[in-house]
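Per-chain residue numbering starts at 1, and chain names A, B, C and D are given in the order in which the chains are listed.
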Amino acid sequence: MNEKREALVLSQGEIAKDIFDLWIKQPEIAGAARPGQFVMIYCEDNSRLLPRPISICEVNTAKGHLRLVYRIAGEGTKEFSKLVSADRIQVMGPLGNGFPLSAKKAILVGGGIGIPPMLELARQLEGEKQIVLGYRDELFLDKDLEKFGQVCIATEDGSTGTRGTVIDAIKEHHLDAEVIYACGPTPMLKALQKYAIVHNIECYLSMEERMACGIGACLACVCKSVGKDEHTNVHNKRVCKDGPVFEAREVEL
Amino acid sequence: MNEKREALVLSQGEIAKDIFDLWIKQPEIAGAARPGQFVMIYCEDNSRLLPRPISICEVNTAKGHLRLVYRIAGEGTKEFSKLVSADRIQVMGPLGNGFPLSAKKAILVGGGIGIPPMLELARQLEGEKQIVLGYRDELFLDKDLEKFGQVCIATEDGSTGTRGTVIDAIKEHHLDAEVIYACGPTPMLKALQKYAIVHNIECYLSMEERMACGIGACLACVCKSVGKDEHTNVHNKRVCKDGPVFEAREVEL
Amino acid sequence: MNLSVNIAGVELKNPVMPASGTFGSGLEYSDFVHLGELGAVVTKGVSNVPWIGNDTPRIAETKSGMLNAVGLQNPGVDLFLERDIPYLKKYDTKIVVNVCGKTTEEYCEVVERLSDAPVDLLEINISCPNVKAGGIAFGQDPECAMAITQEVKKYAKQPIIMKLSPNVTDITEMAKAVEAGGADAVSLINTLTGMKIDVHRQKFVLANRTGGLSGPAIKPVAVRMVYQVFQAVDVPIIGMGGIASAEDALEFILAGATAVAVGTANFHNPAVMPEIIQGLVNYMKKYNISDIQDLIGVVE
Amino acid sequence: MNLSVNIAGVELKNPVMPASGTFGSGLEYSDFVHLGELGAVVTKGVSNVPWIGNDTPRIAETKSGMLNAVGLQNPGVDLFLERDIPYLKKYDTKIVVNVCGKTTEEYCEVVERLSDAPVDLLEINISCPNVKAGGIAFGQDPECAMAITQEVKKYAKQPIIMKLSPNVTDITEMAKAVEAGGADAVSLINTLTGMKIDVHRQKFVLANRTGGLSGPAIKPVAVRMVYQVFQAVDVPIIGMGGIASAEDALEFILAGATAVAVGTANFHNPAVMPEIIQGLVNYMKKYNISDIQDLIGVVE
């Protein structure tokens, strides 16, 4: 049976302002995790009932370790940011479908707090990888990703790399690919969706939506889909179960 | 201005099953505390709003230390029981009136989790002290109290001292006194009230009631009083503000 | 020790079931819970045709609670009968189908389509606050509630549970109305209507503006209403609203509920229902209670 | 930056005040809060003669909330006028007196006794769920609510705030009724009726059985009702129910409240009101808002 499981906190550090890098030990989840999947982390505070979805950033299957990188967005992530090594947390997962792997020439695009899942993806993809990272200003995980391919950076304030968006960076560096993988804010996903359609490139987008159950039962987390979803036979796919990764042509953004 | 203050946890240990012995550092509160007064401890968990009243068990004014001894009764005290040294908690106090001190020959009576306030009282009373402690079974704080006078023990199961109640112990040991101070469960207080009236002894009872504000404003914690209360001019005194200590003849139990 | 209870002639092996809409039709949670251990499975609301539901965001967290405005997205009764009922029939549990609609005719159509299906009980949701047209009105007006109960009863072959809204001045009036209309049982409470505002964006958090408040936050209101309804009617009560532990479930039973449903707590702990069932057993052992039915409504 | 707001012609230096019954008449909290910093002080409900209130236990904690059944213990209007008003007059703040009664006559008697006192506003509590005789009926029936508003208005020299109960099917109907009756403002919400059961003792936790639920648990319901009432009436609204931070207060203001009251949160943090006022200032600075009145009801 799947279940909410206890995980041991191995270490935690702040790698950029309000961005935390958490390593936990949870062998069952680490053993099953695929890039693009996520876990649910439960709050200890009893006034916060809903679990928080966080992408799997890196996995050490042999050791049973998982890396999660997250930004403080509200009370729940603030609670998590106080965890220190030897603490215990409740986690469920791995959840969602994950990115479909292939050996095609790929562009991996991460925007802001959408960057973390790109790391495990980069580790597992076998083909040529070009990695495009968009930041507001301060960088994180860029050094980790450099090991796996050419990294192009776009910053809103122009402090590093291309001034502007990830699309600007893709254009500036004349990147091309057979497949795009992306995770980041909706405007970025929208731009990539358009880019992929115009350039006729296969493209996988990881979506975000508010979740309650995380396993496809409550219908909180739907996104508008082109095809009918199998579950309720309407045009609403569940991000937690049918996604979070969708082919760009499958979803309406 | 009075306020909710941060206190530093110095140490905590379990001195009997589910009975915890907590030392905290809070100089303002320690500096003002009198025997029979209490503090309010706030929960960190946001689902628990109300502060928990806990009697002051011992004070080290010079160092600014306070000792609190409490039983796990529910979720709040369970939360407190997990505190370890160097943790911080929010505390308000000292609150309530405390026991009136004198140099008269005294009997101090503590029943169960009503025993803790007797310790600081015993330390500060100057006259002759006879100390009667009632337990269900396991003893605690008895050794601390032995330093201040003769200790007589009553246990429900007869495992130590008199089998029965504190009244049985008082009778068995033929104790007499000019003043009785007591804290414990209502049946015990009721018996002592009667005993004091019959024997015409001055008697101070420390009462317990559910509290919200702890400072006399919300009228949650009233007890039926013989005289009219000054606050609302009815026969309901506020345990938190007019008490928790009342002369036995003042209250209806 | 007897844990079984009887709702309108249907015997449940224990009084614990999911609250409609929080458990899908059981499939997704079957990874976490042996469905055969539950007293019943209650499905998400089903309507005559597929409903697409509301826009997102559909949920928001609140202190010890949550708001939802899913808007009854569902595949419609046809796919439901074809797929979900056969799936549930594999398990040794009772099947309660929650029915929603915008008009009396729609409710009756669904009930009629279900009448020959292997379904044990029908729960008629006249209280969902998230559907614009109709829906809620039935649940807030005693005469409408009685009328729809009577109509539905004409088509139903299974016993009918009327699910009541807490957003009313007097819950007993509603309970009496559906009892008079022929309801075989009542379930309560559905969600309290609430709202959350994002003060930084100065916008409603939910696309639907309002949503239904559920979870431990509302439990005191739910227990009070179950107690009041228990005093007012004779039909059995399925109690719900914030149940997250065996003690919570016992509050409802002592207040007068024959069975209980667990909603929001599934999101916090997908294995909560078996834990609650075990907690009931422990309680009965501790206090030497041989039949759980001896606990119904005995608070004093 | 302007933080002041106007309730029926009375200018408050800021929109923050205590909720009636949680702050006594200010005396006890003056150790924690400079009363002169508050927009107003709202007193505990006062009746024509002293009321002894309910038996204990009067309160119970619930998840992110609490139940209370204090039962309006108060010294009666005479001692109140003699002691509490002169005390409050020492501070540079507005005085709102909360009035309770069992009959229309009792309400009118108190209002008349207060009419020449240096009191700025009267808040008429027609919604306290804890008083057996009368009380609550006024707050749950639009006609009764209108009638009592009209009667009270005959005796009042100060503007009248009618305090509404959330235990109704349609809060806008109640708000419209008291507006029609001449209310100068409305305040909402009072507590939701709830119950807690001690499952080990199988007894009601509160001596009064039911109590009023307050605190963050009920905030979503309160915000929703304030929003609905803002759409329905023209009189200013004092919003309350679970406010514990400046963000909470802003939710109410954006939903349509002109001022806000803080109740249960005082128990968790006796200095919460000055913190909320400071938080409002910080918010206005951050978003470059020069007048707090520009925030009232602007959610979209």
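Basically, contacts are C-beta pairs under 8 Å (C-beta built on N, C-alpha and C of every residue); 3 or more make two chains touch, one makes a residue touch a chain.
Note that the structure is a prediction, hence the values are computed from the model and not measured.
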If you tally C-beta contacts across A-D and across B-D, the winner is B-D
Rounded to the nearest Å, the gap separating the Cα centres of subunit A and subunit B is 55
So, in whole Å, the Cα centroid of subunit A is separated from that of subunit D by 46
When centres are defined as mean Cα positions, the distance from subunit B to subunit D in whole Å is 35
So, in whole Å, the Cα centroid of subunit C is separated from that of subunit D by 34
Note: subunit D residues in touch with at least two other chains are 63-65, 216
Contacts with two or more other chains occur in subunit A at residues 46-48
Among line, ring, star, complete and other, the chain touch graph is complete
In the complex, the residues of subunit C that touch subunit A are 21-24, 27-29, 31-32, 44, 50-53, 56-61, 63-66, 68, 70, 73-76, 79, 215-216, 264-271
Residue positions on subunit A within touch of subunit B in the complex are 44-48
Interface with subunit B, subunit C side, in the complex: residues 63-64, 216
In their shared complex, subunit D is touched by residues of subunit B numbered 1-4, 42, 46-51, 92, 209-223, 231-236, 241
Residue set of subunit A touching subunit D in the complex reads 46-47
